[in-house]
């Protein structure tokens, strides 16, 4: 029940066209959920840019198509994550206005660009193999209207490569650190700057990296204050978080 | 080597008092680390309030005393975390100006209060037993000059208790959610607001909570975007992160 | 040894045709297991509908065929779970009266429908990707003669979508909650209704979801009383349990 | 906002005392949460008996006292779980009408007994050391107005001890199986009866029992349909679930 | 119902004192479990020496006393495992005929010694700290009438100490290998002899030994055929198994 | 250096053909390892039947061929485990006298059958899907000259199917129990018989069975004495152990 | 800023061509990182042979090609690890001077061989299936100018095969032990020699080997002093470590 | 059997006093183990300094006393690790020449100092709480005749504190890095120097540090080549390894 229906109801009460008991009945039945929905919907509009995101895995091509269509119609924008290969090609075939980034595994479209926010988010990677996750973060941020600066291949095995980028990191609104293996880069960056560090462990590694668990634990136990962690390989989540900062 | 010494050196070169080779030698030996230290030190001063924190466990009483003394002298402030019982009493005996909060297990002192930052951080707890960690976060934030609003005992088993607090949460600069057991509160809060949610899993629970592991995994796998996680029971870390946002 | 044989034996003793010692011998050898079997068999007939279920993985096509045939003959019904692709097609070819549901991965047949039980079981899913497990539960319940109501895509990231369904949930005999990632939906539902909640963690997720472990642990640690848990992805087990409630 | 206030408001609109816009404003601000709270409160009253339970660990004696007092006043009943030693003695001293069961670690009081529900719940234990958890379940059930039948020390190492109790188990509304070590009893019972089996793994055992993890995993992987599991040592949770069945 | 009662019943049928239907009724009610019990009891008597063992942890002193008393009366023997300190002293006070071994944490008594079995079981330990578990195994074996030969402190860090004992090991009916840390001794012994090796991982170690998990996994993955494993620190279980070989 | 060479040496010393110092030199250089090898070789010959076993995974086809050839030549027998598909077909092509069992994934050959040992080993399986591992055990035992009796599909979900087989189990020299999921069958069997039970957890199951870990832990924590465990799916290892009993 | 530029700057100050303030400005801006880089670069040249190693997984063919090209140009040498199949063939096609070892999955090239270091590193393997990892270690060592001696198939299941190689092991500068399953070989070797043992757990095994975890834990808990461990399957890392010894 | 006995034997053969068969018999019985023992014993004397170390936990005071006494007598030196409190005081009372270091938990004695080896081992710690483990390593090294240089409190949260120590690290024969929490310091040090880095994870930390597991995994997954790891808190093991380098 939106506000104008509510106003009509009250107008009816006022004019006598609707009895008080009848109105009371309608209000009593006023679905909890609809009121809730309305309020949450307002809230949702505040989060424009996050709402129309689709996580592709586990969805059928048919479901994806109808969700893309619906999102493009309602929001004039859509972001599909973790999509590649055949499904990506199919969607690109049907909706040629979509842009596909194979490394980030992202399909996106926005009719008119958002006003770019002030400042930027820095996205730092430890190794070449972390680039896919970093790019997912970067493209998500850009889709949400954030500016991104990337700093690549600055893992702790060659710390000297990180130091020239400190100025860039210190100027950022937030810093996303993407690292696999032991994930030490998050601690090192966290100890060098005073910006919030959002750490993304990646499943890069082998053996005792246990699919990213080692990097995850390393980042959670960071001895540097100012580091928080998202799920393994979750570049999208890190971007959303950084966007809200 | 600070800037004035450097200037003296160059003046000496200019005047001929110092030979080019001699200067070169001095500059070559210019300790990498000292330059680094200087820069980092500047940086450290930017992070005032975090620098003088002491993590008590594993330190002897003697070490704690000298560190407290040193920090009070240099920073006119000190924050000791995870301190209780005998060591707390001993320090309070020697430094009666310290304030001890037994629930938060924090000893703190600040000669002159920091200017309070605009806005506030909301600290939300799921159950009574999470209050100790929440209070560690809250006191740390206040020590750093942040204003804090707390919302307690709003776990998902009684969701209706959370809803009246939504306005408070939506108005915060950042929201810290402290929850043990399954940690579901972080996801629920993250789905209702558009502020960054910093989730602190606690070791509250028993059996398959495995000392906070369940809450930790739950929070990392949050289906709500905008949630990042710190270590189990790490109220201090969540506060530092929130402070940097 | 069934009751009529036993009576014959006693008649023989009575008439003198069978000596006491001979009878004693027969009774002493009375197979433990056969008596047991008889009793358990009665019991088994009480559970009609569960007995003829086949779990397909690890069985050869040949084994499946003969088991299906035997079950159809004895029970005029059969339910094969976790069956898809080639084996499903083969069985459908041979037994065209079977009905296959690819999403639920179930093959089923019942000659004459069971009388439908009073009331219904609600099956709730958090996300689109949980639908396969939910459908396994729903089809199993229907096969067992239960009525099912489904509520889909009401994960905690968008809690407002759950609220309109509360009435439906509160009217159910039991509620099955199917959720992956952090599995928080079970706690939330458990806190809102007073019906038994059977939680099914799913392997939906990535990274630190560890194949459903996070959802499983979350559900086991639910802060809501009235939640019990079955194995990861075990829609069938949840349905059997709900059927027995 | 309860119904009578709502009626007053509409009456004001009707009479013209309240303008439509003013009413609209009031309705728009109609707190989501209060409506929700009202509905949930109704719901809560349906769950009488579960609502006034206190989980003691992590609560201070002072908190416990005020919660007990409040619960006794509002509900004329209270159940405190996991309470023993000094805190139990303190509460008993202040509230001598409470009854304490040291094995179950439960303090309880109910002014006037609930009408006993028809049927009974069977509580089965594998070994002597599981009795504490079983008793927590039994006392909780009795507090909630359920009748309980116990069957003790019938672990699978001596299966013959279980068989005489089958009749009792088959007659129950639900069966709670409490077992540590490998937890096999739940599967065995589940295979013998057609009642819902609520399995409670206990932390009884040593070595590779890993604090109840082995029993938990064993129960989750039960090859018997009709078994669902609650948290390790969670006799209370099993009782609540059985109560709802 | 034992055999003589059964005979009386049949005699009654024979003489006409008991009607066939009445007898049938009695036989039909003949408890499944009692027949079972009888058979199992026979079986139990075959296992003399194992039946009267009590696992002390989790039992109250009162329970222990009555169980000891009962076992001594019925079996003229008793073995209590994992008992030390106060409870051991209490039991020794009441039953001075018991023998207590503090290292093995065993209380035992046997009125008249069993005939010693032919052959012997070898019990091998890796380090001094494994002796307690080894002694539990040795005393259990002796209680069961087995002869034991011990070989101590022959861990793989000093392999040369093992070699002189090979003859002893090769002559044994079975070999129990007790080892903590990496548990490699089981593999080494298994590779050198052709007797069944029963490996007991111990919780001896620290850090990544994870309470015996490393030794357990090492033993399970033994590259030597002929090695089977019991639970961590389970000297008693190894002894029972060796006794049955 | 075998015994006849040693004799020649001594004969040389005796005859004066070899000087004492020369002999001493030869003996001093007598390789530690060769002596050892000799002894171990004797030992190896005692274990005939185990020595010529090849574990196929990780070996190239070329390696397998030469090892098979060598083993057939030296031992007139060979047993290859875990071999299927292409490599099995290749070996069968080259060595048509080999016998392949696809379910057990075993290739075997023995020129002249071993004398069959007295008694038999019982191999029990919980479900149809455990048959492959059970067959690996059975064929290995037969290869080693043991007689095998199998009892299939007697999992604890239908305990009555196990009871008729008790006599068979009690008559065996040793019992191998093969079970996945919760592995409860090992405990149940161990509680019913007085023969050593060798438990083989299988990777059969899904979700929280974690590739056999649940069954493994369940079996290790068996509350029945007389149960020892081998690695997951290790039918071969169980057979070797049973053979040595 | 290298030394000659620095000298020019000082010369300019000396001559008056550069003002002190201007020089100060340049020195103040003297990038922390560049100085650092210079120092680290010197350091890097000391580690010649390690610097030009490429880890192939996660890199595109295009990236690999350009990195190989760059490394060959700068270092006249390159070592690519974990490369096989199509990418290996592609690189061999383009750079026919590369040498590919399929077992070690290594592509390498060195224009002029390094002077061979004195002494050698021994590489010991437990089983045939560990050879791939061992060869990665051996080829890496040879690439770095080390001499290698291999000892293969000397697992603890046949300890007598190890003993003849002891002399070789005791003569080595360092010993790399490559073993899967329970990884006991590292402890055994560590107990027999006084050279540093670098243990490489491999993922060889099945069931409870958990992808090398068992071997890893076994090696970390080695009861032999003088054993240190690298990541699972990390033959390259072991070689680098041994090279630095 | 030592060489002179062997010579006597051969002399006897030569002279005819001993028959060939008799000699053969003696040689055949020549204990494998004794020969082995002799050789290994020589080897043991090569490792002087490691052999006389006692690991205190799990040993009784009586055992410790006799072991200390024996070691002092045979080696004129002893090192007892992990000893503190009452046992330490008792041993100091009886053997006042022992030196106890409470932080390192080491009791040691050496009659005459070993010649100090050339070079030194650097021992680096991340935080104050790691000092105990570091000191165990340092004292062990000094006991073995190594010179030690310590660098303390240089964790990655304050990287600038590490840089001044680089020269010290680069000059060391080997570097031991002791760090808890995320253990990142090992990777950082490994990336900056070309000396072998022996990483010791410590159990310092809380929450998801899981008793040192996070640091352990971090160090094993180090992206820096040249890092090997010992067990959690195993300062002694790291020292032994460094000593052998």
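Before moving on, here are some points about what is shown:
We just call them A, B, C, D, E, F, G and H in the order they show up, numbering each chain from 1.
Please note the rule applied: a contact is a pair of C-beta atoms (placed from the backbone, for glycine too) under 8 Å apart; a residue touches a chain by one contact, two chains touch by 3 or more.
Note that the structure is predicted; figures quoted are calculated from it, not measured.
Using the contact threshold fixed earlier, the set of chains in contact with both chain D and chain H is A, B, E, F.
Of the two chain pairs examined here, A-B and D-F, the one linked by more C-beta pairs in contact is D-F. More than half of the contact pairs at B-D come back, by residue number, in E-H, the repeat among A-H, A-B or E-H. Note: the chain lying farthest from chain A is E, by mean C-alpha position. Mean C-alpha positions place chain C and chain H at a centre distance of 58 Å. Measuring from the averaged C-alpha position of chain B to that of chain C gives a distance of 50 Å. Each chain gets a centre from the mean of its Cα atoms; for chain F and chain G, those two points are 39 Å apart.
Counting partner chains per residue, chain B shows two or more touched chains at residues 32, 36, 39-40, 127, 158-159, 192, 207-209, 213, 216, 220-222, 225, 231-232.
Interchain contacts (touch definition given at top) occur between A-B, A-C, A-D, A-G, A-H, B-C, B-D, B-G, B-H, C-D, C-E, C-F, D-E, D-F, E-F, E-G, E-H, F-G, F-H, G-H. Within the complex formed with chain F, the chain G residues making contact are 127-129, 158-161, 163-164, 166, 204, 206-209. Chain E contributes residues 31-34, 36-37, 40, 57-59, 63, 201, 203, 211-213, 216, 231-234 to its touches with chain D in the complex. Contact residues on chain D toward chain F in their complex (touch as defined above): 126-127, 155-159, 181-184, 187-188, 190-192, 205, 207-210, 213-215, 217-225. Within the complex, the chain B residues that touch chain A are 40, 43, 46-47, 50, 53, 170, 174, 192-196, 198, 216, 220-222, 225-232, 236-238, 240-241, 244-245. By the touch criterion given at the top, residues 3, 6-7, 10-11, 13-14, 16, 20, 23-24, 27-28, 30, 32, 35-36, 39 of chain D touch chain A in their complex.
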